[in-house]
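Scrolling down, you'll hit the structures one after another.
Two complexes, one shared chain (chain A), two partners (chain B, chain C).
Right, the complex of A and B next:
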């Protein structure tokens, strides 16, 4: 079994465990009832997205300081995961919002800052898709570091600007014990999915780079 | 790539099965029906108790179905986006494989 296959098996088992706990064992929340079960994966993807943004910045910083194809590949892969997870958070959040606030969208601080983060990472991916060579690698590293500023802005947006819709940061520490356990298990499952996606995407990125250099060598002959 | 697709398909199947096992068929508790029927009779005193109960059950089931629709839709979107991303990765991988073949043929 290759590392990639092992990663897929671990991710599947972790997701299976999380889904079993969320759907079979966790009680219904008193006010939001069934719709509250969106919360476990919605919040887990949000936290993993924050982690993906930080990994993009750290890998970008490493690339600027020491270079290395792997650091650049990890930065690119992690930014893609951050964008994907931000899309998941925004869309699953809309269903939850419709169920509990009776509105698909509201221009409140958490949602607005989250949309800004999503757009910034879309810009990162557009830049990376269109630039080439060392310019792409260096500038996308700088972009990734700058984009990471959005993480604390989104996280502390409620504290900074106030909102009656989203709870402030740290609310999860005051939740019922079983819900905290459910959230932790879901978070662990999403982390394994993130790790698997990063590994898979980095492998493809590395292969693309190798191919690029092979073509250059071929053209040079 | 195949392992990722299998992992995705298995996880999606498990999610769908668990969601159906635990939340369908739609049902409401007697306590909620009683409270809702009382509220309906307070609002319309002419309403017979059987009618009020039926009205309460219909109302509560409709509300529950709505919540379940949102829950299923949210999870469908989640799996849909993950599937779409895996598809783009599979296409990139296929392109690399094709180019490698072309290169080795040169």
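Right, the complex of A and C next:
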């Protein structure tokens, strides 16, 4: 079994364990019933998405300062994960909104800023997909750093504009003990998924780069 | 310092002349704005607004609509201006030529200033169109000054993102086609803040949520700083 396959197995098991704990062992919330279970994954994906955005910017900054194929590969892979997780956060948020507020969407600060962040990373992926070689690595690193400016805006949006729909920061520290455990387990599971995705995509990027340099050495024939 | 300022002035003049020469492209933006303003005005606007609506409520609704249409058109004008600048860089190798005797940050600062001036001029024309077509006749001198302040801050922010993204697009094959996809999302927070700040001003009311002013100013500043720091790296071959 390769390291990559081992990583995929570990992350699959972790997600399975988190789903089991959340759906079979954690008590039902009195008002929202089963729909409340979305919370564990919604919040976990949101935190991991923030981490992915920061990793994209840091790896991009490292690439610009010192170069290195791995830094660029990690930045690109992390941006893809950020986009994927942002999509999941938006979707799970919409399901939550439907069951909780009886509306699929509301233009409240967290949702609106989150949508803007999603669009920014969509722009990143479009830019990255359409450039080649060193230009692609350099420009996407710059874009990744600029895109990260949106992270604190999304994170602090509730504090800055206020919202009746999202709880303020730090609410998770005041939750019931079992809910905290459930959240921790699902967060750990999502983190393993993120780590596996980064490893897998970085390996693909490195392989693509090798192919590109082979192509160049062959004179583009 | 004196040398840097001289370089800045030369580059600013060059970029502004380039923008001015391609003012035909800005006419496209104005035409788009006219279409947007006309459509919105016809559907929601003063011609068919329900007469039973009280004057104050009607004014507020019109101001909201005017602000959103105005900033949609301004965003489009920004894309056109940056597109032209990126196209000129690719066609004539403009940026490579000026790089020979100027630092990346000076080139960037000059470009942001030129773009901002051009965007301010376009916004002025857009503002007149919007006021005329939405029948907004109640603005005081103070309101106009506040609108100019919001417009100028937004123009600097849009210029800061635009100059960076324009140079990035110019260094990619077919990058101009991707310009709006890369640039507009990064400009979204600015456009949102500007339209939220401008809506109450169009209704001649104070801005209730000061956070939007803070977001507008800080995002413009942060993006300018990011651009100043990273522009040199975008220009590298």
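Note that the second predicted complex is superposed on the first by the 219 of 221 C-alpha atoms of A that agree within 3 Å, B and C clash if a C-alpha of one lies under 4 Å from a C-alpha of the other, contacts with A are read in each partner's own complex, and residues count from 1 in each chain.
Rule of thumb we're sticking to: a residue touches a chain if its C-beta (ideal position, glycine included) is under 8 Å from a C-beta of that chain, and two chains touch if they have at least 3 such contacts.
Given the structure is predicted, the values throughout are model-derived calculations rather than measurements.
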- With the two complexes superposed on chain A, say which partner A:218 touches: chain B (first), chain C (second), both, or neither. first
- In the superposed arrangement, does A:35 touch chain B (first), chain C (second), both or neither? first
- Partner chain in contact with A:106 - chain B first, chain C second, else both or neither: neither
- Query: In the superposed arrangement, which partner chain does A:126 touch: chain B (first), chain C (second), both, or neither?
  - Reply: second
- Applying the touch criterion given at the start, work out whether A:163 contacts chain B, chain C, both or neither, answering first, second, both or neither. neither
- Message: Contact-wise, after the overlay, does A:139 reach chain B, chain C, both or neither (first, second, both, neither)?
- Response: second
- Task: Quick one: name whichever of chain B and chain C touches more residues of chain A.
- Result: B
- Shared contact residues on chain A for chain B and chain C? none
- Message: Can you tell me which positions in chain A touch chain C when the two form their complex?
- Response: 64, 112-113, 116, 119-120, 122-124, 126-127, 130-132, 135, 138-139, 141-143, 145-147, 149-150, 153, 160-161
- Which bits of chain A are touching chain B when the two form their complex? 2, 4-5, 7-9, 11-12, 15-16, 19-20, 23-24, 32-35, 37-38, 41-42, 45, 80, 84, 87-88, 91-92, 95-96, 98-99, 193, 196-197, 200-201, 204, 207-208, 211, 214-215, 218
- Query: Which residues of chain B touch chain A in the complex?
  - Reply: 1, 3-4, 6-7, 10-11, 14-15, 18-19, 21-23, 64, 66-68, 70-71, 73-75, 77-78, 81-82, 85, 89, 92-93, 96, 99-100, 103, 106
- Spell out the part of chain C that touches chain A in their complex, as residue ranges. 161, 164, 168, 171-175, 178, 181-186, 188-189, 192, 209, 211, 214-215, 219, 222-223, 226, 230, 233-234, 236
